[in-house]
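Below you will find the structure I want to go over with you.
Labels A, B, C and D are assigned to the chains in the order they are written; within every chain, residues are numbered from 1.
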Amino acid sequence: MIDKFVHSVAAALDGVPDGATILLPGFGDVGMPTALLEGLIAQGAKDLVLVCNSGGRDGSAVARLLTLGRVRKLICSFVRPASDAGRLLLAGKLEVEVVPQGTLAERIRAAGAGIPAFYTPTAADTVLAEGREVREIGGRRCLLEYPLPGDVALIDAWQADRWGNLTFRETQRNFNPIMAMAAGLTVAQTRHSVPLGAIPPEHVMTAGIFVNRVVHIPG
Amino acid sequence: MIDKFVHSVAAALDGVPDGATILLPGFGDVGMPTALLEGLIAQGAKDLVLVCNSGGRDGSAVARLLTLGRVRKLICSFVRPASDAGRLLLAGKLEVEVVPQGTLAERIRAAGAGIPAFYTPTAADTVLAEGREVREIGGRRCLLEYPLPGDVALIDAWQADRWGNLTFRETQRNFNPIMAMAAGLTVAQTRHSVPLGAIPPEHVMTAGIFVNRVVHIPG
Amino acid sequence: MSASFTPLDRDGMAAWAAADIPEGWVVNLGIGIPTEVANFIPPEREVIIHSENGVIGAGPAPAPDAINPFLVNAGTQPITLRTGGAYVHHADSFAIARGGHLDLTILGAFEVSETGDLANWARAAHEPVKQIGGAMDLAIGAQRLWVIMEHTTKEGAPRLHRRCTYPLTAKGAVKRVYTNLAVLDVTPDGFLVRDIVPGLSFEDLQARTEAPLRR
Amino acid sequence: MSASFTPLDRDGMAAWAAADIPEGWVVNLGIGIPTEVANFIPPEREVIIHSENGVIGAGPAPAPDAINPFLVNAGTQPITLRTGGAYVHHADSFAIARGGHLDLTILGAFEVSETGDLANWARAAHEPVKQIGGAMDLAIGAQRLWVIMEHTTKEGAPRLHRRCTYPLTAKGAVKRVYTNLAVLDVTPDGFLVRDIVPGLSFEDLQARTEAPLRR
């Protein structure tokens, strides 16, 4: 019997190695797997590459992971200058790669979908294109972009069953479905544990085949 | 008030011009918008480019459109030699571009997602790669593929509301969501007409923003 | 005579743009004044607001006692969903933007050029701390891009330029600019003044603008 | 002595492969004998069958009076869905295949080479009427690709070659072959015989195989 539930956050994060690339969803706090992120802080892995929409606000769990010096490189769509991430960057203590948000999403999607590279017009006429491969397609300048796979994806779900099928509420969805597909080890925290079959097959938002471990973190 | 419902198949297909590229979903008969396809046969547009998973079985509406000489070019993932499509091809009366099914789906998805080109390892080591741009990415040979947009997409839905939000049943889904996003004019037939709001917002499978016209074809 | 006009406030600019949005359009509203445009679209005029964190059909802010912590817009402000709305994931949401499915995007800006270049994300080309977000994707993808911004900086320097001085967000993308003084279309021949606040002359508007204006 | 063995029939080959599929694997089964592998996986062993038309968790064929016309597999045969299954659209379904989310794909073949090349879609390089379907995507994407096929053609010609003579579906993709005579792994040193039907000697198997075999 397939049963992806584990009984603790520690078990969910067992084996996350130093140097791992971590995919972390969330838009603000919405859809961010806070319990798993706190667990990662406790677990101790360092030298991490963190892929996350933003560098986070001060006091957030993301900012804490950064200020603890556990992240070598942050890949995100924006960093506030007046934030821990911004200050670490300016102090030379954090490498940051800033990627337009749609390109960030598409690179993660490409990692999960087995697309080795794609072109996009986004940012082709900006300073982000400096030193990059640019190709004119259909009269439009386009940048070549590569996938952004993770070693680990931390996922925030609303419901999960023992196969790892997941649902998300409203804008909780954001990066969760694409990050779940893009990592070698996908770990989900879920508000609700439901029996297999409780999620109608048309309404599964992330299929269990993309999920390796699930931990139940009730409301 | 936005209301995308039209009262007849003829109204739904009004203005489809000669030479149009038609995106036609369906896997076998499942998810194929048969009423719209019959309507297209009646409407008379010719010199069409038809994008469809297969050349169809004899006696099918697809085969009828082909044998009527209304299709200039068929883009699909397979053609049976012993079929109308196969015979027309061998007789030099139909141009056919055969594309691996996953690449076909991804090219349609790219058209809807604004991706001007992408690489895929699929078919890179086959005769389909002859004369094509091949690039080695991460030690793997990949083909460059371009989007496959339609002038018109014909869509088969289970439910629709007046904004054009759609649901599909089981494997009826297949190419429908990606084709709905990839055409200039997206026309849906629906088994059920439901009030706005009847489809829960998490369960909309194709958002109405991709749909231009809906015609209600009960059971 | 130039003292006899009143520049529009934020609400005035938002209302000016809102009046030009027809029913049925799918619209993304950037952070800041653009977001406020939604407040000036009467609810009976069905305009579908997209938010790049995965909302199709965003509605107005909820009552303070009815906030749903799972439902925010691209500025992470609590919102509601209109009847008929839907949710998608982030890649699908940017497929909407980049794929040309937005009839309109309205963004704020530092500068706009007479060729429609947009500069709205940085004041120096190589700022190490970059705040890009989704603006570049939105700017290149929409059927039409409008900008709402003050006509000049706080110091009175023009923001409508022949060429942008700040790093670009997108090239040749802006179609129309709503400022606190005027509405201007970006045309192949440069800025065309469509409307102007009462009491301000064309010449006085030109004096506040680096790029040459047409009427 | 070579007359004393019995080649496996279709069911035998399917059962042979089914025995090697552990619980929890995500598996795509190609049209033909591979599809029948599912019949030999006991229902209590949870194996998740993917079908490229958008099914995750395909179940057995329905009773004739319980056919759901909206639910078919990649061979357009009526199927059921297992409890816990889900549906996706075609691009997401091939993202599963190409993206490496299948633990195993099993396909039929005309020929397999000792370097794992697969030929299963055409008997001539430039046949105008091409029946490709999803085989190329499935072959390049799976974590492991197994083939089920007769060891020789009806005429007795070998189908396990040093180099394929038919046009390729994918290069270096096949990891294991189940024939009606043997199970063979594709290794860096060529075909390694893992199992062989009772009564057939290694030498007699080699005689029916163009590529050199190891044991």
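What we mean here is this: a contact is a pair of C-beta atoms (placed from the backbone, for glycine too) under 8 Å apart; a residue touches a chain by one contact, two chains touch by 3 or more.
The structure displayed is predicted, hence computed values, not measured ones.
Chain centres here are means of the Cα atoms, and by that rule the chain farthest away from chain D is C. Among the pairs A-C and A-D, the greater number of C-beta contacts is found at A-C. The distance from the centre of chain A to the centre of chain B, each centre being the mean of the chain's C-alpha atoms, comes to 32 Å. Between chain A and chain C the centroid-to-centroid distance comes to 29 Å (mean Cα coordinates, whole Å). Rounded to whole angstrom, the centroid-to-centroid distance between chain C and chain D, based on C-alpha atoms, equals 55 Å. One finds 35 Å separating the Cα centroids of chain A and chain D. Among the residues of chain B, those touching two or more other chains are numbered 106, 113-115, 120-121, 169-170, 201-202, 205. Counting partner chains per residue, chain D shows two or more touched chains at residues 81, 87-88, 91, 94, 97-98, 141.
Listed by chain label, the pairs that touch are A-B, A-C, A-D, B-C, B-D.
Every residue of chain A that touches chain C in the complex is listed here, in rising order: 27-30, 77-81, 86, 89-90, 96, 98-103, 105-106, 108-109, 120-128, 169-178, 205. Residues 23-24, 26, 44, 46, 48, 50, 56-57, 81, 83-88, 91, 94-101, 141 of chain D touch chain A in their complex.
The touching residues of chain A, counted against chain B in their complex, run 106, 110, 113-121, 135, 137-138, 140, 142, 146, 167-170, 201-203, 205.
Of all the residues in chain D, the ones that touch chain B in their complex are 51-55, 68-72, 74, 76, 81, 87-91, 93-94, 97-98, 125-126, 128-138, 140-141, 167-171. Residue ranges on chain B touching chain C, taken from their complex, read 1-2, 111-115, 161-163, 165, 181, 196-197, 199, 201-202, 204, 207-210.
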